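Next, two complexes with chain A in common: one pairs it with chain B, the other with chain C.
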Partner chain A sequence: MSENTLIGKPEIRVDAWSKVTGQAEYIADFPLEDVHFGYVLRSPHPHASIRRIDIAKALQIEGVLDVITIEDVPGEKIVGDIIPDRPVLAQEKVRLVGEPVAIVVATSKYVAEQGGKAVKVDYQPLIPVFDPVQALEEGAPLVHASGNLVSHIEVQDGDPKAGFQEADLILEETFYVPHIYPGYLEPEAAQAQWNPDGSLIVWVSSQKPFHDRHLICQVLGLPEEKVIVRVATVGGAFGGKEDSSLAILAALAAWKTKTTVRLVNTREESLLAHPKRHSGQLHYKAGFKKDGTLVTMQVTSYLDTGAYASYGPAVGQLHSEVVTGPYKVPNVRVDTYVVYTNSPIAGAMRGFGAPQANFAAESLMDIAAGKLGIHPVDLRRKNIWRPGDRSYTRVRINQAESLQLSLEIAEKEYRRLKEIPASPGKVSGVGLSLSVQTMGLGFRVPDDSAHALEWLPDGRVRLYLGAPELGQGLMTVAAQITADALGLSLDKIEIALLDTSQVPDGGVSCASRMTYSVGNATIMASRQLIQGLIEEAAKLLDVEPAALYYEKGHVVRKDRPDLAPIPVSEITSRLAENGQILKRQAVFSFPYGPETPDHLPIGMPHVLFCFGAHVIRVEVDPELGTIEPKEIVAIHDVGKIINRSTLEGQVEGAISMGLGYALMEEMKLKPDGKWVDNLTEYLLPTIMDMPPIIKTVFLEVPEESGPHGAKGIGEMGLTPVASAVANAVYDAIGVRVKAIPIRPEAIIKSK
Partner chain B sequence: MQSFNYLAPHSQNELCQVLCNTAGKIIAGGTDMLPQMRNLKQTPSTLIDISHISDLRYIQESEDEVLIGALTTWSDILESPLIQKTAPALAQAASLVGAPMTRNRGTIGGNLGNASPAADSLPPLLTLDAIVHLNSQSGQRQVPLRNFLTGPGTTDLKADEYIQQVSYKKVALPFGNVFNKLGPRQGMTISIASVAVLLALDANGKITLARIALGAVAPTAVRCPDAEAFLLGKEPSTELWQEAAHQVRKAIAPIDDVRGTQEYRHHIAGILTRRALQTAYLSLQE
Partner chain C sequence: MQRIQVSLKVNGKKYRLETPPNRTLLEVLREDLGLTGAKDGCSSGECGACTVLLDGRAVNSCLVLIGSADGHSIETVEGLQKAGMPHPLQKAFVEKGAVQCGFCTPGMLMAAKALLDQNPKPDEEQIRTALAGNLCRCTGYTKIIDAVQEAAKELRYE
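And now, the complex of A and B:
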């Protein structure tokens, strides 16, 4: 656009100041008058039928306004993100520990909690099931009357059986991955205000305010114009805040009591009751030729979606799409089973099925390399997708060349890290893995993103961002792209509060597609805004629009070069005097173009991929079994860097999550039958657990449909971490780990 | 959420009176108490906040002793040149407690009173033969730390007493004093096992002083007298440390928990001991 482009500049985040000074308003400390507090009474049982709920005693407590149960729901009692299977509050039975059973609304948190203790629920415990394979067995306890199988994704390409006959080496391995917690700083929160006209305003900490509104309206039986959803500051989300449960409960509580009600989860509630990453068992069987050619692959995955489906079926689909890794495999058979159990609900979480597949597939590549006597880099080089290749789902691979570029850099880094000697008493190992992550929601899933721009009377531009900032830097990147498109400085862009009655529907903030979709939409809107400006200016000046052009906040007259350029504010302030608003909205639709095959073997293929590679050096203490990451090199093709600082932040943050996945995080069921439900027992990595050196290498192979060529990065940085760690551990001490998190006990035992 | 009475005495005299008249629970920095109150492991009817008693926060020395007031924080300890010189393992342990925020609030008295088997201060203090000074309306009492600890979370502290200070005799220089801790992560971690050793040699290089204490591997932090006796009079060697580690493994009684298995604790207790002895020995060679 302009020569002083903002694209690529490490601009300071537009929300930095308000966050570091504590001025940002999160729901828990949101200034709101006459707010009441809700206490959500939750199930202590993983599986039980409810014989009776007695609320009489609770209602007698002074300060308790109401106790709400499923009977109070006026509209749909059972809703869901993909499958309507989840009662708003428990109905007849509970299926997980932490399931909401009743909401007590009171004048203070303390009274609400007292009220909760006074509600008597008569449970009849049922036998629970926690293992997705056992849950599919004959006679297993039924989590839902319809059966425990949520979905079976079945894809075949080529002839896998014939492939195995052709193979010189056949490997069969089973990998285990845990349920993990998104671990955002801010636990889930929502508050709702009932207005005398029967409308509701609901403040959420959410990735998807428009879906929240839709579900709230379903549950309350209200038309959408009666419900306004506003997004407060979101303290991290990572997919976990694609869950509307708390927003629905707050809205229901406010509607029923005709007051304002706030619900803020404790850390325990957050750990138990809100969606996690799917745990699972992944059975891989793969056939290679002597020269390393991957000829066939058969993968059966059992993903534990917990008590309710949440986004499980979609996670299973995406998992299935990337299960082979970024490799050309002519014969593939994939069966992915998404299964109900009485575990915590699993749904969307950064990577959405890909990290599980990556851990297995990239571990398998190293196992194969070892057996074939081929270097892991060479084995990958032999099999990676090349330009023009199609994945086994028959989708053409975009920017496949970036895979090879990533691998070349990774190889150099691998060799460099191999030269570094271990600390005394430790053994050094280097591991490498490639990463494939999809972008967007997938074919046939509505994937539009609408945003608007308004030129204000003072010459500044207000951006009506239709999707929430989660902490990832969306507002900054969107403002940068907009400012660049309009030739303005960044401080001329202000961002409107995300209010569903004021902003267009920008879709869900998820799926590594915000920079891509928002960037495209804001560039489109900027062009329209400039065009609108020229038209309005032409009318005011009484000239033809063709006599004018726009440059850096000014309208210039071609016919009168002697006249000074006119600042936009002179035009927009005149429009304002006439009651006119200069505002344009643009919708970017994810391109599922003619390239998308008609008869796909899979229901929801993604058509854009992001690629990268990670190389990690670890030091293993062979006596203690401990693993210390020393250096990690993250190579990612991002198409185009929009803001280097936020980009590095995304990747470094993703690496810390990936290391947690690899080394310590797990929703464990303890011997006493309780889940770990606090951050003393559920361990997240600290800054001291991060490798002293993180090197980020960004490739810029432009995606032609992206804004300035940009692609997604939100998820990809996490995906390859666990497999790279496992491969490095093997390199160090020859122990092949097939289950994460990798515990020191396992290292000692296997030695 | 709980309701409780809150008392904040401003002097040790007031505290004595309060403890005489009220069955309450003492709170100082709150880094143990508040989480325990939050998850209802502690439900005190009265909370006695001693953080306003300014004369309980000190690190002092006499000719042959070091005295640490109960309200001395981890940050005070790890920054104290006196502690670094006379009890390097304690300074080291202090630097590994929680995070900076925890270290700025958490106190040594609280760590003793809470008596977690995994408490970081205990193995170093045990190697110093530390004495716990208790006070009450009816007078002062001094109890060796190893007798003070009676079980996981339990101590010899009487209902009307409070911890005034902890003291230890200075050990003649040179000596090696090392703390080793392994947790499930690097930062803000609770030990799977921890060990402190104190070692001194005579002019001939024979061991004249050997003290070994472990945390998180028994109902309380423990000394290992057999291993210590075994080391006395011997010359340091890798094999000797190995044998001491073997003795240590026999002296402990670890359990399974979410941080580690019994088997793993057994395994690493010996390794941590061996390494701590070697590090202490090497520090004497410098």
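And now, the complex of A and C:
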């Protein structure tokens, strides 16, 4: 590799200056001229049938343009991300608190809100169900007429029954995980503009503009060329902005009123109505031999996907694939039930089913270690995947050696942290856990990512990035990889606005797949762009392409070493004069090769894994039950560091989210029947909740299919946090917590 | 609704405006003055994204009724640059990687400025206390603490 490569450098984010000066435009910041405002009237009931919606009074209010209900939807009235089960606006019944029932469009947000209050909806409350296990019982209230079971994923390998006969120790444990809120600081927003030719431009704060376009077209019955989706600055997403509801509603409102309509959620709407992480109950039964060998595992999970499926079936699949942890288990039986309830919708959220599994599996390993009298590190060492091993889904494990490396570093850190004395009045404990997170969308799910590059007349390169920057640093990493591939400095790369009519489909920004997919595609496009440049230059110079080569922004003539290298701008500006554009597009397809096991349903298995380990020292106050994280060491194999600064940022941010999951966050149904709907009751970690020391350790075991060997990192930093905290709490005071968030009450009660 | 007259000095510039009295300082800054740097993350003082300085003090502008800002001096993120030069806090946030999605950034910067204006040499605990009302979901705060320390150093010409 050349010395002045950009790869690995902590380059400054390309969007940083616009963000520190307040110039970055989120949808709510757009100019106010000629904009109308929508107010979404939402259900106050978790489950009710709608007898009548009376909009007459609202329509009489001055400034109200229209009130839109499901009757106004010209195309598909019911859509979905995987299963079409979700009415665009409530149809006949509501299934969750916050479900959109009508949109009032008015000249100002105040008038729209007044209009919303004037809409009268006659509800007949129905009995709700909030527990996924109860929802599957006979006679449970039906959330959907089709039944409450969304999907049942069953996977088996080996002979679990025989496995239990072999086992010396059989453990049975149930773990509980909560619904949690992605909690991006920018609430969902969308703005749609109707044009006189019948087309729409829809601005979104979204992870998936091309899916948004698809769904908008379905709902409005429009061809895709009539709808342009553009992505504004996105104020965080974490999976939660894989939901198209607000984009669809804005488009519908603009289409119906033939105007421009902006919708911006309040924090309350965001908390109630947009997808969460699945809560659930996870039943584990595992068999170990005396020497610690894990011989069999049976896991039954009930995941609460709330009122609509969203990405629930896919979450259930990924969850199923990683429930055993990164361990070799010859006999496995997994049953995952994804279930409808009247809870808030659960869908995609950072980790996508893996954090739930990790909390259970890594807690279970420590419980087993205790019962077997084996050190938790040694028990893991005995069972981790080794090079050449296959998962129980029969996927050959990539970079399995990084698991062992992670564990070795974790062990050293564990021993170091054990030596640190507790603060006065506190008890110190150290917990460790391993982490496995998959990359990509799963076998037989379209998992392509297309991006394009254009060499501009001034010699700079425009990157048509086909998937959104969410705050994670995608634009910077993509620009770095592109600049490196073209031998240019980073400031020579500009990134085009993500407009679905201008950029290729880069897929959804999700699933720890962006650095990997975008990096690969931009390297391919760079090579093609250079080849195109040489061909065009050869024509202009009237030489054979073989007489030319490209180097760092210049075309060099092999046949005339006496001539100075020609700057690319001299060639591209000549092309521009002739009306020619030098642009190349490349598609990277996720490598589900011929050896991918094909015995599983569509979406399974995932074939690339990311590994890591976390070690956490906490201090517990035995009187108050409070838990204070003091130091976290996060060890992750990233294949290759592209940008150390944004990489650390991903892991540090994921750790704070993981600590929230472990210790404080929960979408809770309060005794008064209302969900928490504000940030006073739904606690997100503040700067005071972060431990004084966070240490990140990155391993670089290259993934041969990755750009420069890089793998994903978006999700993995969160996955092992809760289990490491729970294991540390046990280490401190001997209380085994099997439900998160771990609240002080649980500690005090268990003592 | 009867409108009230309000005088504000925002980033050194004087404004006189008429507005219904039930609006917040945040709404007036964003909607009337076009200063959209301060963000509305919760409308209830829980997230800190709307933080601006009112007479040098960090406030949640979503909780300040416009009438109570009458006659006062306001600083927003748009006023941080002086003569085209970035404030050391802006520079440090950029260089230390303290920015991700950026939605909390303007409020975070203003809360940090209020601290550094009062206390040029804060320790880590004081930085944490000063930023305790500003939520960030992306960064885990680590790099924000680094950035504030770095900016403090630069402001002290160290």
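Assume the second predicted complex is superposed on the first by the 741 of 751 C-alpha atoms of A that agree within 3 Å, B and C clash if a C-alpha of one lies under 4 Å from a C-alpha of the other, contacts with A are read in each partner's own complex, and residues count from 1 in each chain.
As a working rule, contacts are C-beta pairs under 8 Å (C-beta built on N, C-alpha and C of every residue); 3 or more make two chains touch, one makes a residue touch a chain.
If you're wondering where the values come from, they're calculated on a predicted model, not measured in any experiment.
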Partner chain in contact with A:A24 - chain B first, chain C second, else both or neither: second
Partner chain in contact with A:D15 - chain B first, chain C second, else both or neither: second
First, second, both or neither for A:G653, with chain B first and chain C second: second
Partner chain(s) touched by A:T626 [first = chain B, second = chain C, both, neither]: first
First (chain B), second (chain C), both or neither touched by A:M688: both
Of chain B and chain C, the chain that contacts the larger number of chain A residues: C
Touched partner set for A:E113, first chain B, second chain C, both or neither: first
Which superposed partner A:T680 touches (first chain B, second chain C, both, neither): both
Which superposed partner A:L470 touches (first chain B, second chain C, both, neither): second
Shared chain A contacts, counted only where both chain B and chain C touch the same residue: 678, 680, 686-688
Chain A - residues contacting chain C, complex: 10, 12-13, 15-26, 28-29, 32, 182-187, 233-238, 264, 266-267, 470-473, 645-646, 648-649, 651-657, 678-680, 684, 686-688, 690, 692, 694
Touching residues (chain side chain B, partner chain A) in the complex: 1, 3, 35, 39, 99, 182, 184-188, 190, 256, 258, 260-261, 263-264, 267-268, 271
Parts of chain C lying in touch with chain A, wherever the complex brings them together: 30-31, 35-44, 46-47, 49, 76-78, 80-81, 86, 89-90, 93-97, 99-106, 109, 124, 127-129, 131-145
Partner chain B, residues of chain A touching it in the complex: 109-110, 113, 623-626, 628, 663-664, 668, 670-671, 676, 678, 680-681, 683, 685-689, 744-745, 748
